[in-house]
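Given below, in the form of structure tokens, are the structures.
In the two assemblies presented below, subunit A is common to both, partnered first by subunit B and then by subunit C.
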Partner chain A sequence: MPKIDMPPGALVLLILRVLRAGPLHGYAIAQRIHALSAEVLRVEEGSLYPALQKILLKGWVTAEWGTSETNRKVRFYELTAAGRKQLEAELDGYDRVNEAIQAVLRTA
Partner chain B sequence: MSDLLRRLRYLLGRGRHDAELADELEFHREMASRQGRANVGNLLRLREESRDAWGWTWIDRLGQDLRYATRMLAKSPGFTLTAVAMLALGIGVNVAAFGFFNLIFLSALPVRDPDSLLSFQRRAPQAYASDLPYPVMDFYREHTRTLSAVLALHSTDLTLENSSKPAKAHFVTDNYFTELGGAAQMGRLLEAGTTAPVVVLSYGFWQRHLGGDPQAVGKTLRLNQHPVVVVGVAVPGFSGLNLNQVDVWLPIARQPEFVSGSELLTSYSGDANGVQMWGRLKPGLTPKAVEDEMSGLAAELRKRYPKEIWENETLASEPGGYVKLNGGGQRGTGTPVSGREKLFPILVLVSSLVLLILAVACGNLGSLLLARGVAREREIAIRVSVGAGSGRLVRQLFTESLLLAILGSTAGLALGAGVLRYLLIFTDAPEWLNPAPDWRVIGFALGMGFAAAMLFGLTPALQVARQQHRRTVARQVLIGAQVAASCILLIVAGLLVRALTHAVAMHPGFEYQQAVTIDTDLGRYGYSPGRAKVYLETLANRVREIPGVQSVSMVSSAPLGRRTSIIGMVVDGRRVDLHSNHVDGKYFETMKIPLLRGRVFEPEEKNAVIVSESFARFRWPNEDPLGKLIDPSNNRQRVVGIAGSARTGALKDPDAAELYSPIEAEEWPSLLLIARTSGRPEELLAPVAALAKSQDPLVFPALETMKESFRRKLEPAERSAAAISVLGLTALALACLGIVGLVTYAVSQRTKEIGIRMALGARPGDVLRSVLRQFSVPVIAGLLVGVGGAAALSQLLRRELYGISHLDPTAYLGAVGVFVVTATLAALWPARQALRVDPLGALRHE
Partner chain C sequence: MDTAGGSHGVGAELVRLFRRRPTDAELDRELQFHLEELIASHLRDGVEPGEARRRALVEFGQLDPAKEAMRDIRWMEPLRRWWWDLGYAMRYLWAAPGFTMAAVLSLALGIGANTALFSILNTALLRLIPVERPEELVWFTIDPADGSGRRLNYPFWESLQGDRRWGPVFCTFATTGSVSDAAKTERVELELVSGNYFGVLGVKPLRGRLIAPDDDRHPMGHPVAVVSHAYWQGQMASDDRAVGRTLRINGTAFTVIGVTPPGFAGSEPGFRRMVFVPMKMKRVATPGWDALDKPLVSWLQIGARLPAGADRVALGHELHARYHAFQRTHLDADRKLTPGQKEYFRRWQLSLETMRDAALDRRVRDHLKTLAWVVAALLALACANLAGLLLARGLDRQREIATRLALGAGRWRVVAQLLTESLLLGLGGGAAGLMLGSWCAPAIARQFPLAGAGSEFEVRLDATVFAFTLAVSLVACLAFGLLPALQSTRLDLLRAIKGAGQSRERRRVRQWLLAAQVAIAVVLLTVAGGFGLRLQAVLATDVGFNRERMLVAEIEPMLLNYSNTERIALYRRLEGKLHEAAKRTGSGFTAAALSTVIPMSHFNWSTLFFVDGKPRDVIPRANQVGPGYFQMMGIPLRQGRLLDERDDAGAPRAAVVSERTARMAFPEGDALGRHFMADPRAPRESTFEIVGIVGDIELNDPRRPSREMVYFPYRQWPFPAQAMAIQVRLSAEGSVGTALTSIRQAVAECDGDLPLYGARTTEESLDMLLAAERLSALLGGFFALAAALLSAIGLYGVLAHEVALRRREFGVRLALGATTRLIVWPLMRETIVFTLAGVAAGLLALAAGGLWQSSVAPAAVAVLLLAASIAAWLPGRRAARIEPAAALRCD
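Presenting the complex of A and B:
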């Protein structure tokens, strides 16, 4: 399985995006990103949990206790209103940067 | 909710958050292993990295450092105690000095809204006065639109029945207590419209004079033999508006009843006693607006009283809630020398001296830390070898110093506050001055502690962490600095003690031991010059008839008295303070001042002066002064006689000289009598008081033997000599402690070498010399720097030394001698250890 390094800043964007559908716990976030990227992107624990703490600090998500599919008590992360706004802004920014990069790649 | 709030909330629940994170990571591991992935990595490390996001890791590290530092300090209690004691001593002395300064100059008076209070002074381009005539104050009070209230105070002494000491009375406007927010301990205070003859007592007076009688309200006191009803006692925390002790407050409207003939309330003349004036600024206005308004009002009043109000007069304002040394009664020509200017050299001197103590203490601390660093070389080497970075090591060592600084500051704060409390009791300060440290003093103590930790903790920390060995140089600089600092302190103390013994032993140029001063202060009772002349001449003649009295004369300023009139004079760039006195012809005989040349004044003589020999030498160094005019443009001051120098006005000032003029007709009401007896001067007081009473029962002269005046004059000098001596001895003790420590250390380091030397036949003297030689250079250098520093610093003291030079060899030799002897003993005592070294044992060791 080819391992692709995550571009800096993209991880936060991806986490916020997968949380838009509903609350998830940390392991599920990693799994969802891995699955949705057709198993291209691997999220390392070493970057996932510090990133989650940073997002908590920013107030973009809240953590609530819930029960996992294995029937264990675990923390679920849920997007807040501020997190939704942040996601829209980042998506917008990402689209524009992406388009600009594509434009350069096409014409150069 | 901002990031910061979330961060703080995280900090508060840090333990819980950490447990949750650990649980979450554990869950992650479980899930991963379920799916066949076994290696999730180091969970502990992951936890730490995740925690970093919140930015609180430094607290953990600081906590670690602090715990470690606490353990290290607790492990060597001897070192810790010594270091904290050193710091506490150094900081405590500074805290006491700063606390005093803070009390007097920086903190506000404990009155309501001190910031809007202004105190006023009359000012014109060529004159100033701290007091205003009452009617002038009244005019300003009527017309001001910038002040919401005007307060006035007139202070005077009133006789008190059954008491030899007069009561210090403040006659105040009826709004005095309400404006200042004063509260009553019992009864009530003066209120607006109080017109009855009532008196409010100060707490101290109530305790001292009435023994704290709970039934005091309603009792009658007799002040100047005038009955007056006590309506209340003020709380001990009521300060009034300056530092002066007050016994009683009375309504100013009743003042003439207590002082018969007083024209206080009606006279516009600035020569009579006046009132001090304060005002409360209306909200939103500046002091400048008040001053502008007052200039206009003064100009208006000058149209009606052109003689009494000066040209271009204005009222200069100062922040009234802060100026506590304003006692009133100053007046003169030119611009006033502010109290702050006069105090500045004293402040510089005191702060230098107390900082020197801190320097000595810190020097010791530095030596201690260095020695400890050496002892810890092993421990530090181990920590380096297991991977501690030098940054982490420096931080660790520095944390230890910081901890010491905090302990030292706290102990210093307690010590300083205690010293200050004692100082205030010792100097009879008013009871409302609160010596408890406020935020400024606490900040100062902590700042001092941290500065000391920086200076003397960081350098050894860096040296130790770098494993560098430039300790010997550092040590020698430290010991030199300590010697210099304590030497300066000892010399200054020596100078003050010398000056004091000199002052007691010297002949001041006049004989005061058998003379008394009789201050009738007739002006206060509204005596006209003519009546005053009759009164004084009659009283003088009757005093002359008392058995034993040799001579009586009249003066405007009594020798060693409270009042003195000084003319600052500059001739060819040299400055002299000329103490001017108006005297009659018998003055020189009464004070036993020799008349060197010429003659005394004849009765009713005008246009003549007598100068002291010191002034003659100053003004006409190579000429005959007799017949000369002091100022060629003023033919009223022709020299008719030269008297011996007699520093009647300023005992301690070597630059003082005297100028005597004949008595002028209009000044009779302010003259004093002085008398000389062949017996004990104390025995003269009662008969004089009786004579005065029989002559006018309403006049109460203040009587004092000049011996008593002399003692009073020396009191401040005695106090400062005592205080500086304590500082000097403290510094000496500190420096000796430092020397003992150093020599002990040097001996322990060189046990082996000494053993070899002794085995090879070295004599005890040689051994001692080899141990002590390394200290001789820094000690000698320190002594030289100390003597130089003392010579420079003591210039500030020149006019306080009663005529001895600030380079007085006795004081310098004495101080240096005391230092050398003590320091040598301090060095020899531990050096004896070197002689006890057993050569064989030392060689076998290791």
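Presenting the complex of A and C:
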């Protein structure tokens, strides 16, 4: 299985992005990122949960205990308005940095 | 929605701080779910259960780091860590008792000195008068202070009644009177008070009631008295029926109506007022003058309790305007005052001075300020010791700290751990310091010149003192723990783990600390030595008369309503008896004389000096003396003759002047035989012929240069002085007790009712006068020695530790044939360099601070160098005695 290290800061962005569709629990977030990245990006659980805690404390998501598809008690994370704003800001910033990097990579 | 399932409330966090389980259970549940989902997904892909679990675990990584990382993010986490650090620090300090003791003792000394001084200040400034909210109380004060200080007049006080701008305004006047209580007559400190006095101060009676506004309405209409708790306990033997008893004050009967609570002895700290009477009874309390109706006689102290939140300065300005508006009409109408005197009244600046500030006179305050610097320096020294010890300790722990850093502990984590240890040390030192300080403070306070004779000065430890000590300890240990902590965590890991680390930089820091300690100690020793020298110089000052073996006691016949003629007759009779007794062996004294000025006291009189109707530019001190005075005092005659029996009432008026007076008033040197006038309002009665010139003396205060003096025969010029001092020269074998008995007997033979009071030797008067100097010398000396000791201990610690650390190195070098000299000398050289650097810095600081004293500084330096040599020699000797074989085996 190909495995690429997550660039720093990207994990938060990805979490916020996959949560835009609706509340998910931790495992589902990891799976979604893994699947959406065509199985290139693998989220280390050791960094996923700390990142979730950080986002939680920033107020970008809320967490609520619910029941999983497999009928287990689990915490669902849901994007807040602040989180949505943060996501837009980060996406915008990321796009511009990305374009800049691409430009350099193409021409240099 | 409750975020994170209710796990982020503050209360929940607090609970979790000491109880880890509930959160961990939540975490576990979430992570466990994740793991199981991973396993399930592998199972769905058709992997064997065992393999699925293995793969899931590999993918998941270790469970615990994830949990740790999650914990790190919680905001209470630092506190929890700190709780662990505390436990660790306690175990660590417990395991190193020598280090802990040294650190705590150093701190205890520094903090103790500060606590002692602070608790004295706290008491002196804040709580000396046991009244309600003393911080609101103010005196109406006149600047410049060389004017009449706080002396105003009664009509002005009356004019203020009904004006609430300054809050309730009271007035008071302290005096002394003879108080007879059935059996005996005593001279007692009296306080005349306005009717609202006790009410405004908020004093509640212990027995009966206190003087109220209705007790102070009509002149001479209220013969009632309140006695102080001390008077009730002492003179009245705690009589249950004290209220209702009769006291005769200056011959008039007063009824005791109440007793003040314990500790209350008037509104002026340091004095012990015994009996309080209404202001309107003033004529009885001060026979001979009343002045309640005189707007231009200044004698009354006026005070007020300012309304909450009042602007003291602005109210002071209002008072100033109000006073001058009041005074102007009276000054304009007055015909007796000279224009110069009126000008003097007009110059008065009135302001409001808090009673707290007024509690200490400027000189005592200056001494306290110096002492405050001294104890602060001592604390700095103790802290430097602590820092040195912590640095040394850091060296020992290099391997431990390096290992922790290598295992991944963050640097700040280790720094926090080290700071926690200093914090514990600081708290320990603070507690020990508090004990030391509270034990020392009363002993120091007993020496204190705040208090008049016999007054109580109780030092109490209260919340303010606790807070002060706590703050000092915390600041000291954190400020001085931070540097070593930073030093200890910045190290070369590899070298440290191998045990080779002894960074140069760290040694430098310790050496600079050492130099700083030496510098502080030099300054303290010099300053303290200066105190001692100054005291010695004052004690050795030639005051111009013989103050050895001299006993003084006072009588005050005015209190028994003697008239002027009766007074002079009494003195003459008494003089005869005293002179007889002086000739008799067994009386205890060899010479006796009367005068109105008591040697080494604050009391003195001055006189104007007119020659041929014009004032000379000299205002001499005046003393009224009886025959035999100069012989008894040992004041030498320079020209002419001394005063004797022939200079009696009715004889030509004759006076003696001191050399300085003669020189200043008659620069041509023709003073003898000339006449001068002392009071232009009574030109005939106050014109005297100068019949003799005597040596210069300083009668009141050996710290001042001698003043011009004029001596009048008391029989020819009765000053309004109320008291007469009996002075005798003790015989070689005579004791104070014998002499006092003889004097008492002589007085009793003249008037059995006349109390004799204020008996003291001139040495005792001088001790009282110099109490502030004595205290400074005593405490300064003590603190300076402590400073020298502390820096010697610091030096010893640094060197001993270095020798212990380099034992192996020395052993190897000795084994390779190095001489002892080669080993010890470099060690000594560094110490000497840094000690000398410290000495130089200390001397520079002295010069910069204007504290340089060429007679003390060399001695201070010598003491320090000696202490430093001893402190350095001991570890040096140990280094020289290292046995190579033993040293090499030990590691």
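Just so we're on the same page, the second predicted complex is superposed on the first by the 108 of 108 C-alpha atoms of A that agree within 3 Å, B and C clash if a C-alpha of one lies under 4 Å from a C-alpha of the other, contacts with A are read in each partner's own complex, and residues count from 1 in each chain.
Just so it is clear, contacts are C-beta pairs under 8 Å (C-beta built on N, C-alpha and C of every residue); 3 or more make two chains touch, one makes a residue touch a chain.
In this text the structure is predicted, and so the values were computed from the model without any measurement.
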* In the three-chain superposition, say which chain, subunit B or subunit C, touches more residues of subunit A. => C
* Touch check for A:58: first (subunit B), second (subunit C), both, or neither? -> first
* **Touched partner set for A:83, first subunit B, second subunit C, both or neither** => neither
* Asked: If you stack the two complexes on chain A, which partner ends up touching A:45: first (subunit B), second (subunit C), both, or neither?
  -> both
* Under the contact definition given at the top, report the residues of subunit A touching subunit B in one complex and subunit C in the other. => 25-27, 45-46, 49-50, 53-54, 56-57, 63, 68, 70, 72, 74-75
* subunit A residues touching subunit C - in the complex, by the definition given at the top -> 25-27, 30-31, 42, 44-47, 49-50, 53-54, 56-57, 62-65, 68, 70, 72-75
* Complex interface listing, subunit A residues touching subunit B -> 25-27, 45-46, 49-50, 52-54, 56-59, 63, 68, 70, 72, 74-75
* Structure fact -> Seen from subunit C, its contact residues with subunit A in the complex are 1-5, 8, 27, 29-31, 33-34, 36-38, 40-41, 59-62, 65-66, 69-70, 72-75
* What residues on subunit B touch subunit A, complex-wise? -> 1, 3, 6-7, 10, 20-21, 23-25, 27-28, 30-32, 34, 40-41, 46, 49-54
